[in-house]
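What follows is chain A paired twice: with chain B in the first complex and chain C in the second.
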Partner chain A sequence: MYKFTRRQTLFAAAAGISGLSGYWLQSGESVDDDTFRVGSPWTPDAIDPVANGWLWRRLNVLEPLLTVDYDATVSPGLATDWHMVNDRTWEFTLREGVTFHDGTEVTAETVLPSLTRAFESSSMAAVPVESVEAAADRTIIIQTTVPFSPLPAHCTRGITCPVSPSAIANDGSITEPIGTGPFQFENWEPSSTITTTATPDYHGSTAHIETLIYEGITDDQTRRLKLENGELDMARILPNKAADTLASSPDLTAHTYKIPRARYLVFDLDSAPFADRKVRRAVMYAIDRDHIVDSLLNGLGSKAIGPFPADVTEWAAELEPYEYSPDKARRLLTEAGWEPDGDTRTRDGDTLSVSIWTYNTRPLLPTIAEVIQTQLQAVGFDVDISVMESSTIKEQATNGEFDTVLWSSSVLWYPDPDRLSDLVHSETATMFSGYESEAVDRHLEAARRTADRDERFERYAAVQRRMQRDLPLGWLTYYANVIGTRADVEGYQPHPIESCYHLEEVTQRR
Partner chain B sequence: MTGAGLCKRLLTMAIVLLGVSLLTYGLVFVTPGDPARTILTQQMGGQAPSQDAVDQFRAENGLDDPFIVQYARWMGNALQGDLGQSYYSDRSVSDMIVQRLPNTIGLAVASMLVALVIALPAGIASASNPGSRIDYAAQIGSLIGVSMPNFWLGYLLIIVCALRLNLLPVAGAAGPKYLVLPSLTLGSGMAAVIARLVRTAMLDVLDDAYIQAARSKGLRERILVYKHALRNALVPVVTIIGLQLSYVLNGAVVIEVVFQRPGLGTLLVDAIFARDYPVVQGVTLLIGVIFVLVNFAVDLTYSRLDPRIDLGGEHT
Partner chain C sequence: MSDRTADRRKQQEATKQPRGTDGLATDRLGQFGIGVVLTLLVLAALGPVVSPYDPVEQDLSNRLESPSLSHPFGTDQLGRDVLTRLLHGARFSLGIAVAVTTVRLIMGTAVGLLAGYAGGWIDETLMRLVDTLLAFPGIVLALVIAGILGPSLVNVMLALSVVGWASYARLVRSNVLSLREREFVSAARLLGRSRTHIATRHLLPNVVAPVVVLATLDIGSVILGTAGLSFLGLGAQPPTPEWGTMLASGRSYLRQAWWLVNAPGLCIMLTVLGFNLLGDSLRDMLSPTQTAQMEEL
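Moving on to the complex of A and B:
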């Protein structure tokens, strides 16, 4: 009897599975005409703007006081006007007739809790806000502890987006992302999807899409395959190689555009051999960046001269580029005392050997490191590469000696050149080159104190020129993003710093 | 099993789990990479946090306390059933686990079913006809199954079944049909291992004297194979199935990424990369519990399959 039961179970299971699978296979996905699906690498893991306001901002569920325009400048958002009252006081005037998705009116009083919460959070610790006050019905006063002209740029960050007071629980946690944007929160499946719908009485022009579904899909191949299969209408951040495939398909469109994100070398200025500026300069002359762009980046992106790409932002200063010249590199190394010795170079018995640290969570960095390795070997460096985790690199490079790190980061994630303080200020920099320049510090600090645009431009240009001369960081290439959409998607305009996808402007003809 | 045996067993489990949690806490703690820095980087959309931000975060989350204080605090809460909150999302770790567990269990069960449905018949068929074409076909099949990387097979199945044949969706976790490709991908790898083992175990048993005796008695081959041989051959197979659970959890990380299924594998890996200690600890503890329970279940199955195997307690 026992054996029959077992066999029967097996048969029943097999029959059940095949029967069910037949049913599943038949029940095909019904294509909902009014639903737009967008897939990005980041899974939605939190509702709280403090944890990932940038995602809710990208979907335009939440709106900040100020926004970033397509030319990467600060523009009106929930606030229509903002100005410096005195060197530590800023006044913001709120837009009239705006309500949160729950109907609550947007007033100084109702946005105050969100703003206070944001400025008190760890992520905003570098922004020296002393107090936020509701001065009148639609007037907000922000006081800073020191003069701080980048404040408006920080008010574009997703973390500062106001949510309705009703969404803030008694313990201070956020229960629902009730914002003011053209899309309103419907529901979410944590780490998977967010569903939003068009806000009917939006204060701007209403979205054309009725339902917007965001899917967090870590794997870029999966994003591409889902787009090809019609499971997504837009797949963001695809590999550079995908651009050609997308362009060749009649059903798909590729959008490629440059973004202010750079790959660069960070040199350790406190240890040999890169403590010597000549050796750093030699590296910059030895690297053929055109070759990297053409062969590894599929021609997408471009070579970087300084920190800011001039065609994306007006803050780029005119700088003397380091043009590819292996001969110049060799000459500089010889001048620095590194004499040729076989395949490499030596000085006082030491070999010119360096190690490049990089990480692989950003695609292509290890491959680029290998190309740099070959190019540096050609002028006499002995180079090895270590691929580590980015947080490990950061910790070890901050606390100890290293040679150089191949790093990648956005250079303008909030639209203000004060970002340079992060890179090269001797005390507040988060980059670990160990660069110390009194002149640079002076310019950076002075630029924070004035709201005068021309003066700020001059000061930041001076900082960029000094960086170019002293080379704590060696700029390599800028990024380009590849976004794929179905061919019937119209009206999409890529945003340079991607603070918002602006999918409310998109239409889809079916 | 007797009451005393069970008590002994439970005590061992508790000690194992304590060891697992202490070890993971210790390992995550000594791994370079500051949780404050990595989590703030995530919260800031990938940008590096300032030193002030890091200091504030460390203070808010008690990260400046010595290792043993932090561990004791976590353990104290865990014993009261509170696994804490994720540093990153501030969501409760238990909620995160509860939300992802069904996806992982679904994948584990479905892929194990796929594996068994393929492996048992294949293994039995090869063992019953050693040296035959079926045997060679099954062996070559398992070799391919073992050697094929999960992610590659996954993409292959997506391209064939979803893009070319339009039978199934590419990826997602919305319903049962989303489970077909992932479980085929994961199950086929396991099937290969299990089929080979079934074959070896069956061959061993079929050689035994009692089988020869049964055969000479004129017993039909089918009854011989299924009733007499298979049951005895299953003991090592059940062990391997238990051990394959680790394969499911390992494989799940890749499968979950390729097929966009939020499950425990990616939860753990992401949390390790983010140094999100409470999540790492919660998931590890759960996986520890699952392993201990599965091993226990495997042991129980032994004694059902082979009554000679005694599970402790009073030995006679």
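Moving on to the complex of A and C:
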């Protein structure tokens, strides 16, 4: 074997130590400057607002025509005023004195190319926009093909955020996200980080932090470690368990708040045994949701009654909850013809066996599935669990038979209850239960046609009551988010829909 | 491992005594390997019977308890005793490992025997197939197969069996190639014995020793493969107490409950180590002449 001489060894050691010290100096530097680092699970994959606009919106590089307020309602953004001219025409009035980051003034003319581009994209295919026009210097007219009252809510989405005409290349692609927000684009590393700086002449109040760096870190443990080590100033979406430990550390603060996101069971209404409403009801009575919230969720989040959490949005209807009652569940199963036979029930020689499909990119889902498995076994189901990729589940459940899927999604990611159409409309629903109800379709369509808030509320409440009765989806729990920040971060106010982090309001005591 | 064997070979040359004769009596690592494997077998057989807990019954009031006298390895995210789950998991891991290795061994030996003895285009075809399989990283291929078949323990066993038999075929074929030129085979042929008879009665018994050694070494990698595929969610489904699945579900609690990941992790490590050491010393003991040949595989 090769022998090192004493001198070589010493030299190597010296080189190693100086290399390390270089690293230390460098890492020490990044903590002291005016940089604010935020980490969340999603990696930046595109500059184009049509593909990745929600992320640029969250960082407030881009601003939409309308924004979402902290009470989850639509409020002014780049447009100060909007109203329905007739049932298919909307008029938006643009704010004065706003410029894009490249100095171009925001007028109907300059906003038009990106709006047209957004509404023509396939991501907005569900929004029936016919044309977007500049009627005057500051007036934009949007026509829809059918009366469509959720339009303002869709105008809050990241996709629709205007970018400067200079950022749109001749072939229609976006070269740089030049928006109007309090932070402006500096550079990015695809799939990893985005660097932005405060916009000096922002039309609102200028951001307190100088540089904002966004890091996409898929693993929640990594985000948390980076926060604890001071490599992040804010780590978003941490495990519920982390809330206690964050709160007990003097260097860190935990923000927990409820969001309109739910975990729920999607039943296959086209195959036995869940084609039978009694069996679905039995499942809802057999699951002890308080127990799941208290123990598995550490008391963060809450038991779900219907699709919308009443303490986050005013669109939640008054609904009859399914209270935990294993006896009721057993009775319903017997009524449906499933007789006890040993541990598992049978009917005409078939055993009552079901499989729960779920996925693990939302870490708690498989664990919750195991608890549900035990609780269903207690009333006579034979249950197995399959943990798969969410895309595989979606594909297989849409095209074939399944029993039930434990799913998680936002119930209000644009601030309008028309979201229910995605869940239960017989034709436009993306959820795969196979639910068909003429009454529900009628209400959903009628609610799109009117701008009258009270009538819409009544319609959506009727839909929620039907859903509660027919149970195409069984609501389990709502989410609470856990956000960790360094203790010296002040002024952060969590946003319920998280359409924007509003980090321009944050200050750091240093 | 190879350093150790090389050292030992030098030692053998020095003493001019075949390594096989002193056997396990002086082989400390081999003894350790045997010890680990035997302990595991006993624990897998008796543990689940002795343990007072149920491996799947949840007790949500006792979640994530740190190791104590009543729960030596703590409890998991659903309040289940980790030690009990590990013991039940040992049954799965060992059972699967033995089953998969047996299938690999039988397939590989059959192919190797056929290729080596039949020769000609049969040999050529089979060996190109073996080359293809060996050229492909086994775990990746298993991942693809298990992914296509869908997540279940049976599919993982299938996938691992399909990918791993090639090295047996290689080993058996090369042995057969040298054996079939030997006098006793020629003698049998001159006596008019059928080809099947020669293959099963004269060739097969002579390749068993190296194959068994390879199988022992292989068990470790099968255990690792099963755990790996289960960790990725392709194998055992919750609440099955399989080591890889336990590792995967404990991962999100790494910061609060280190025992959820470390206990199954250590189990996997010890088991693989035990089988490898055992296989290593078996190899030295049974077939000192084959050592060099085995190493190429």
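The criterion applied here is as follows: the second predicted complex is superposed on the first by the 478 of 510 C-alpha atoms of A that agree within 3 Å, B and C clash if a C-alpha of one lies under 4 Å from a C-alpha of the other, contacts with A are read in each partner's own complex, and residues count from 1 in each chain.
One rule holds in what follows: a contact is a pair of C-beta atoms (placed from the backbone, for glycine too) under 8 Å apart; a residue touches a chain by one contact, two chains touch by 3 or more.
Bear in mind that the values here come from a model prediction, so they are computed numbers and not experimental data.
Applying the stated contact rule after C-alpha superposition, one finds that A:192 touches chain B and leaves chain C untouched. Residue contacts after overlaying the shared chain place A:50 against chain B, while chain C stays out of touching range.
Of the two partner chains, chain C is the only one that A:386 touches; chain B does not reach it. When the two structures are aligned on the shared chain, A:221 is found in touch with chain B and with chain C. Touch counts on chain A: comparing chain C and chain B, the chain ahead is B. Contacts of A:331 after superposition: neither chain B nor chain C is touched. When the shared chain is aligned, chain C comes close enough to touch A:242, but chain B does not.
Contacts of A:126 after superposition: chain B is touched, whereas chain C is not reached.
By the touch criterion defined above, A:295 lies against chain C but remains apart from chain B after alignment on the C-alpha atoms of chain A. Overlap of the chain B and chain C interfaces on chain A comprises residues 221, 225. Listing the residues of chain B that touch chain A in their complex gives 31-34, 36-38, 40-57, 60, 86, 88-91, 96, 99-100, 113, 117, 120, 155, 158-159, 162-163, 166-173, 175-177, 180, 223, 226-227, 257-260, 262, 266-267, 273, 275. The touching residues of chain C, when paired with chain A in their complex, are 56-58, 60-61, 63, 77-78, 150-151, 233, 237-239, 248-249, 251-256. Those residues of chain A that touch chain B in the shared complex are 2-3, 7, 10, 13-14, 17, 20-21, 24-25, 27, 29, 43, 45-46, 48, 50-52, 54-55, 122-126, 158-159, 173, 189-192, 215, 217-219, 221-222, 225-226, 228-229, 231, 389, 391-392, 394-396, 409-410, 413, 422, 428, 430-431.
Against chain C, the residues of chain A that register as touching in their complex are 220-221, 224-225, 239, 241-242, 245, 291, 295-296, 360, 363, 366-367, 369-371, 373-374, 384-388.
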